[in-house]
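Here chain A shows up in two complexes: once beside chain B, once beside chain C.
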Partner chain A sequence: MSEERINTVARPIIYLATFLLIGIPLIYPVGLPIKVSQSTIDFYNQIESMPEGSVVIMNFNVETFGWDELESQLVSITKHLISRPVKVIYVSDMALGPAFIEKTLKMASPQIEKHNKEYGQDYVIAGYLAGESAVAAIASDFHKLISVDYYGHSIEGTFLDDVKDGSDIDLVISVDCFGGTSPYIRHFYLSFGTPILTGTLGGGVPSAINNVQVGQIKSYLGGIPGGAEFEYLSGFPGVGITSSDAMTIVHLMGIALIILGNIVLLSRKIGGRV
Partner chain B sequence: MMSFIKSKGFSVALVFLTSSFMILTYFIDVPGATQISSDLMVWASLIMAFSMPLGIVNMISRYGNKVYTKKRNYGFSIMLLVLLAMTLASGIILGDTSSIYTFFMESFVWPLGATMYSILAFYMMSANFVAMRMRNWKAILLVLAGIFVLLTTMPAGSSIPGLTVIGDWLKNIHSVSVTRGVVIGTAISTIALGVRTMLGFETSALGISRGRESKE
Partner chain C sequence: MDVLVVIASILAVISTLTYYTTLSGWPNPFYSYAEYAYLGSVMGWSTVIALNYIIDRGVTPLTQGALTPLGGLILGILMWTRFSKKYGYIARIPISISVGIGLGLTLRTVIFSDFIQQIQRTIMPVWTGEPINSFNNLVTIVSMIATMLFFFFSIERKGPLKGIAEIGEYSIFIAFGTYFAANFMGRFGLLIGRINFLLAPDKMITSLTVSIILLILLILMKKTNTLEKFMPE
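On to the complex of A and B.
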């Protein structure tokens, strides 16, 4: 059998195995161990250390394709923020982002009720910020760009009355699909020294580590493992911990497939067919 | 008058003056100027928001043309335009918090977006078997690095003794040094591009094509 033929035969089997090995642990979690990394501990401690009444910007740099990987981070961070005595401005620099803010807050509604959080006094959905210029504009003069919330209601009379510019923001958290943290580094950290936390897809981790090392951001969460660790640490278990089992198993399957592919190559070499 | 406004010289002068002003007010606190720069940033944000309707017009023109000329698979273009019109109408008429708009988002947009992303997992698994074969020493390095990355990025990987130490060393030293090189290189290139645009050497950002430029 030619190598091409082996690959063609193996492909549907691999697809089926991938489907089963992701699907089964999602339905029946195995409970594989999770070790909380230092970056997640630093991330958690930064939120914990915010004094009462602090104003936090939470940016949802999320589109449909990144939601599944970032859901655990977004939901657990939101739940944790709700459990803290801080005020949160939810924004998004992606057009579909505000819909994900609503979805996340709906998922966190038991916490909102438990901690008696009130829309307008404890949190506001400011909505869509169109690009870096909008981030620069709210850092320069918040009310010049934003006069109404996502629902079109005036923000007058809310806690945002006390937010004039970037100097009134005590923490920025940006969970990113497409590098949404960079504008906040440029217009909040560099201008006002605002501490910044970021959540990224797995592929964004090296860039986040770089920003942490130079002090531009305080800490980061990386992909599903970061979300799962934060869920565990903050005490809000969710989809991250459940997905962790599937992710570990499918990673091991990846390694097994690499080994198997090389056994095929080796056996063909021994057989003199390569 | 109109030809003067449309001229390359006017566009370049406008870009030069505006960007110089914004750069200066970022670094130097000039009384009164901060207010103007703040206004300009709000303008820029509003102009950015106009890219949405522009995108819609572009899509209608592109896919409408496909349907009109009955190009291959034009049925998909019809489907796209119908769904676009329905989502747009429900969002504009009923509002983007209405149940119908939410239905479109939750039933079409979100699952399709998630599906596109999830399909990658199947391709990656297949690639592990098909492509990651140690045919030469470069491939051996690639395969070993691949196995190591898989081990260190899986959630339970941190529980394997020693793996975290080596993984952190690779991530914090090697991976970050490469990332830093890319970031610094990109930043320098961005500055160079900005200077070229300000001085009128780079006109594509102004919507002036090379053909039009040479005519002028």
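On to the complex of A and C.
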């Protein structure tokens, strides 16, 4: 069979197999066990250890393409923060980010009601921050850049009155599509020693591990598995846990395809066709 | 349920599935229209957010008496001179100022975060008392030195240097493998998220219906050679 023929036949089969191997476990969950990794435990413990009244910046470095992978992290972290006695400033360094902040808070609205969280007293959507210069600006003088919230309302009278600069921020959590954590490392961790947590897409995990080893960030969540582990640990099951079966199964298929592809290539090399 | 939410949900299903028509391998108008619709909506949204940002962080404080945003607003206005052939050169001033500020802000700290602290991390004991930690430290030290020597081009690679550079080369391959695996997980994560969206109980029938209609249309148009005809120019 020619290589072109193999590609023509194999591609649709692989697409169909991928769709089925993802779709079936989503409709009929297998219930494969979830082992919570140390990084997720550290992430959880860092939030749990924040004393009452701590101020947390939660950065949504999220674009449309990353939402599906980061949804489980964003929603479970937000729900967990709401359940804790901390005050949260929601920001985004992506133009599309504020839409996802609103969407996430809407999904977490039962928790907001349950814990009697009030906009302005417990959380504020500060909205869009245009790039690293904006992060540097809020670290040096918060009110110089932000005088109104995302909806254009004055932030006077909110808990932000007590936030003067980066030294008043007790924790930064950045969930990233495009390395949104780096400016916070540079302007919060290096200047004030603020602990930083990050959530990343699967592709960002190696960099996050490096940052943890260097000590710049406390811990990380990686992709859907990280989101699923955090959902499990924090007791807010969601889309991560329902997707974890599909993730495991489709990974096995990927590994099988890589092995199969290498066997085909090897046999062709032996047969002198490559 | 709100009618608008239902309509938005149906449109989201249609957009997702029209994007996946690219898997057919045929250039087709459904994919192109979905692409243009995405670009259009993202540009629209980003423009509104950017305008609000200028109003909230620049114009409003100015009207309240704060003069700090004035310089930024003037530089921002100067950017628009790019559209003029005669005064286009003026736009270079705000661009160079913003590049300078950006570089200054980053370089002030990047030397610590991306250079000194990274080097500090590689200064570690070879034996920690725990075999696994010691092995990890040894791997980090050896691969770091070997990889740096791999990029050392001033001396011809022969003898021990050649061997160490080869270790560096393999370390890079292993790192590439790690990044590939992480990206593999990420890409499937995105796909799982989309399929989860399509197979949600309230969208499953819509997804199935739209899939069948798209498939029939694609095959019909392919058979009648009309795929190209409806492609946007």
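Keep this in mind: the second predicted complex is superposed on the first by the 258 of 274 C-alpha atoms of A that agree within 3 Å, B and C clash if a C-alpha of one lies under 4 Å from a C-alpha of the other, contacts with A are read in each partner's own complex, and residues count from 1 in each chain.
Note that a contact is a pair of C-beta atoms (placed from the backbone, for glycine too) under 8 Å apart; a residue touches a chain by one contact, two chains touch by 3 or more.
These figures come from a predicted structure and were not determined experimentally.
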Touching partner for A:Trp67 - first (chain B), second (chain C), both, neither: both
Which superposed partner A:Val148 touches (first chain B, second chain C, both, neither): second
Which of chain B and chain C A:Ile185 touches, first, second, both or neither: second
Chain B versus chain C as contact partner of A:Arg11, first or second or both or neither: both
Touching partner for A:Ser267 - first (chain B), second (chain C), both, neither: neither
Chain B versus chain C as contact partner of A:Thr242, first or second or both or neither: second
Contacts of A:Leu257 with chain B and chain C, given as first, second, both or neither: first
Which of chain B and chain C A:Gln213 touches, first, second, both or neither: both
Which superposed partner A:Ile224 touches (first chain B, second chain C, both, neither): both
Contacts on chain A seen with chain B and repeated with chain C across the two complexes: 11, 15, 18-19, 22, 64-69, 95-96, 98-99, 128, 130-131, 133, 136, 144-145, 202, 205-206, 210, 213, 223-225, 247, 250-251, 254
Touching residues (chain side chain A, partner chain C) in the complex: 11, 15, 18-19, 22-23, 26-27, 64-69, 71, 95-96, 98-99, 127-128, 130-133, 136, 144-148, 152, 182, 185-187, 189-191, 201-206, 210, 213-216, 222-225, 239, 242-243, 246-247, 250-251, 254
Partner chain B, residues of chain A touching it in the complex: 7, 10-11, 14-15, 17-19, 22, 32-35, 37, 63-69, 95-96, 98-99, 102, 128-131, 133-134, 136-137, 140-141, 144-145, 151, 202, 205-207, 209-210, 213, 223-225, 228, 244-245, 247-248, 250-255, 257-258, 260-262, 264-265
Footprint of chain A on chain C - complex, ascending: 23, 25, 38, 42, 45-46, 49-50, 52-53, 55-57, 60-61, 64, 66, 68, 101-102, 105-106, 109-110, 112-113, 117-118, 120-121, 175, 178-179, 182-197, 199
List of chain B residues in touch with chain A within their complex: 34, 37-39, 41-42, 44-46, 48-49, 51-52, 96-97, 102, 105, 109-110, 112-114, 116-118, 121-122, 124-126, 128-135, 143, 146-147, 150-151, 153-159, 164, 171-172, 175-176, 178-180, 183
